[in-house]
């Protein structure tokens, strides 16, 4: 059996995932695509023997589409995800689930009204072998109860359009999800520290930032976000428990000894750093569509991340500790 | 387009690859299977919606089969590979290509007579990200001309049926291929050292062994083969060049600090150590079948490995340096 | 030439340093010792051919004493250091320089009045090869301007007498000095986060704690203090700059592969972790006494650490960001 | 008590050790020195308040000399060591103990005739913390019985005067001692492999070489000697046992992330790589002189290394396995 996937949005990340679904993932094919740039949609479609249609709604409505992949411009996500739920179709939405917490909430409500899980959000780190091993080790009790987490999220550079709120909404959103998932608790408050900024930055940008979270259970988390660190794309995470700590390994790289140094290469982009995670993410999603049982990051996870991110941005602007106004998680998402 | 794969042999490794072709690799499905144990073949076939037939020849002859995967008992490999060539079908043969160098040679000759590459041999290390990075780094000149290689191939344990010649034929065969591939030269002589054996061994077994190779270009290679090392499945490789060295990284694993130690886990089996390599190997093979251009390890590689292994086993028994009687590589395999 | 050292205080750390001055450091001998426990003083003295006297003042006054080492109970430090300055003798004072910032200030004033540096404080990390290499690399510009520091200070366990303020005064005092020294700036504010505490703690103890510092130049520093982490004595430090980061290496330890794991040992005590640092510290101190030019951590460093620690403890109790009321550094200590 | 050391030979290594005995080692001073270059001897002497005399014999005869350090030209070692034994004085001889096995044997015999250990040979690796931890771990049974050792000894470059025999006599002599000490057995045979040589070498030089040893107990040892490896001074050692392996750690170095790489520095010279080992070596020697009980590498160790090295050089020239004609170790050296 093959899952026929309809893809809304054929930009950079859309093309990446279309290639993945076509060349790397078993049990799936891309049947239908759309893009605001219809010429681009046609071109991409022809490369994978798919049909190009004019609108996202047509993708969703296409009877040849078993499941929808939303990789369009962020502000359009909510509309398409809601339409897919309306159509009763599985939908994988790249992060963010929606650009406002309210829209995320509407998706959560629509899905609950529909009565079963249809939506998966693209938090790919849950599929990275290193993070998975950390999750397994925490769950197995190897370090006792978690007390602290130290994280860093570094990008070599970002374009000038990047602004200070994006450090949370676009970048640390991954850490927000990772912390919730690894610890299996919600974040209840956020604070942001503003270090001296890099002189290699843009004037308007607070870079780096230190985000400080406290979870419902009292675990303290510090997240360095540094998006112009120059040297590479580098993700760090240590969880400290009562009896020990767990550290995410550096990606393994061949070790070069030369010119009086021992050297390994640092990834320069999340596409390569998390290539394996993306592959596993889509393979498992296709499997869960075939099994009729979605198990990955849920609408609730997308909503909780959005509410937490909003509070974090408030904390950035206010300089104060801000509570995360997240309601109780519905049993539906337990 | 989907490649329909016929699988001859549904034992442990056959089932592993059938699962891989079904659940992990894009663009392929298993259409037909056979096994000497026909009941097992039926059972495996039913699990993946394939047809079970009585013989390997029937698999090859099945019009629904685009490409053949040979994972049967070693002594039957040559027969099936030759039949597939005869039928003009692509064939992926798990190592060994054949159990004698003569049979490997017959395959090489049959393929050349047929006029194009049909055969790929299952030397999966060429698809491991660590080895690939080492190959790229050597080829890019980062260490200058290679002079030495230090390798180790360790298994936690082997069953009592394992005998001393298998250290070469079953185990170090991978290093033989890896050395040839990384250095892009043939091995011209072999010597075997017999260290004190482990007291945890079987009486009949020389374990560990040190294999010493010299390549056509004068590179010296030492390979520790230790198949009852107890602690895990551990593969090591360092290439030493005129200006530097390259070391295969340890597989990355979450780092646990607890109980007064810093600890990472060691793989216990080649199935997990090289899981990613196997996935990439089959994905690329399926791609090359679709592209009608086989690019992986060739019949010649299988033949050269067999001839080198025979010389190594002679060296084990004689205690002497033994020349590898490999003819010039035909232009066909350049 | 040999420096004759008089030692006030022959407890655990005093005996450790007496052994060091006798057996490991060139150019020194212990000539005179005292302790509140005069019997212990006599016993220790006889082991190294020194003279035991009744009081610290007698040690200082002894014409056979060229330089004084104060390793007595903390609350007595100020008295002895001031007396040594009064006597015009060099004095090495184990941390803390004094138990109140006021007393530290009196020492600073007395030393300035005396007109030359006589005092060195026992911040041994400045002599650790790893920290020194980090300092050199920062100073050489390898990472550009520093923006952030991430530190952790973990002890396996502490006795029940340890209370929450000691996390700063006894433990993080080393990080306070290290940060000031590495960055060559003062700390201007402190905040303390209180994570969920370890259930393996004592009821009265806030453990772990996260200390947050901001330097005069805007560098943000987070320090995890976790004194019952169970697994060992573990010191971590990363400095993040505009162009790169520097990480303190784990102490090098032989690597054991066994029982399906790769393992290294973690130090269990600061005495072994910083053994080399202590040796170098005293060797250089003896050299600077012989050269008549004290170069190590100064009275000012002791005073600044005390003022910073006081503000940090206030922050622990208030839950707020507390400014560090440190005056301008006198030119005398430039 | 202070040991008065007389130093014969004030060249580079002599001056290094004189500085060490003066500035770093407790309980010693250099009282008397000599050198074939009497002007240099005077200059060095004046720097440490020692007396310069005209000959090595005068150093030995000086009543102000408690113990002799021989750091003169290799061919003169035997004469001075024998004279020191004759005078009944402790003597530390930098390697080699003598330039011929016969002379080493004469020293052994003279020392046994004298009836007690007076001689220590400068095999400093036994004092390196990494090697010591490996020795302790082997002796504690952590890897079971040793079966194999893999070693590498790399220098960045050597001068043109270096010739192929020096790879054994000057360079691998350290591995010969290390293997004997770690395994507590003698080496019984040697073989040398000649890889393709580096094009950055001198014409006359076989570089690299692979030395293959077998111990009395059947442990197989491979030693890469590569003295123009360009990238640094790098020492590697792994001991493989029945239940696990032990690996010498890389020297710990601050870790720099910058310019898309993770980097640590490689030592460029044995003086820095083994600085700590040299310090500990001399500190313990001075201690053992004071205790009247020499415990470090003995005349026998120097003799055994010389005999083994001679056999290795024969193996280099003959291309064959050569037995090491070492007699039984006398009980005197048990």
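Chains: A, B, C and D, in written order; residue numbering restarts at 1 for each.
Definition applied: contacts are C-beta pairs under 8 Å (C-beta built on N, C-alpha and C of every residue); 3 or more make two chains touch, one makes a residue touch a chain.
Keep in mind that what you see is a predicted model, and the values were worked out from it rather than measured.
Visitor: Taking a step as a move to a touching chain, how many steps at least join subunit B to subunit D?
Guide: Counted as steps through touching chains, the separation is 1.
Visitor: Tally the contacting C-beta pairs at the A-D interface and at the C-D interface, and name the larger one.
Guide: If we tally the contacting C-beta pairs, C-D comes out ahead.
Visitor: Give the pair among B-D, A-B or B-C whose set of contact pairs overlaps with that of A-C by over half, matching residues by number.
Guide: So the equivalent interface, with over half the same contact pairs, is B-D.
Visitor: Centre to centre, using CA atoms, which chain is the farthest one from subunit A?
Guide: Centre of mass proxy via C-alpha means gives D as farthest from subunit A.
Visitor: Just curious, how far off is subunit D from subunit A if you go by their C-alpha centres, in Å?
Guide: Result: the chain centres lie 57 Å from each other.
Visitor: Any idea how many Å lie between the Cα centroids of subunit C and subunit D?
Guide: Measuring from centre to centre gives 37 Å for this pair.
Visitor: What are the residues of subunit C that contact at least two other chains?
Guide: 230-231, 243-245, 250, 257-259, 264
Visitor: Quick check on the complex: what are the subunit C residues that touch subunit A?
Guide: Its residues touching subunit A are 144-145, 147-148, 150, 152, 193-200, 208, 210, 212, 214, 217-220, 222, 224, 226, 229-231, 240, 242-245.
Visitor: Considering the complex alone, what residue numbers of subunit C touch subunit D?
Guide: Going through subunit C, the ones touching subunit D are 21-28, 129-130, 133-134, 137, 142-143, 243-259, 264, 276, 283, 287.
Visitor: Help me check something: in the complex, which residues belonging to subunit A touch subunit D?
Guide: Checking each residue of subunit A against subunit D gives 156, 230-232, 234, 250, 257-266, 268.
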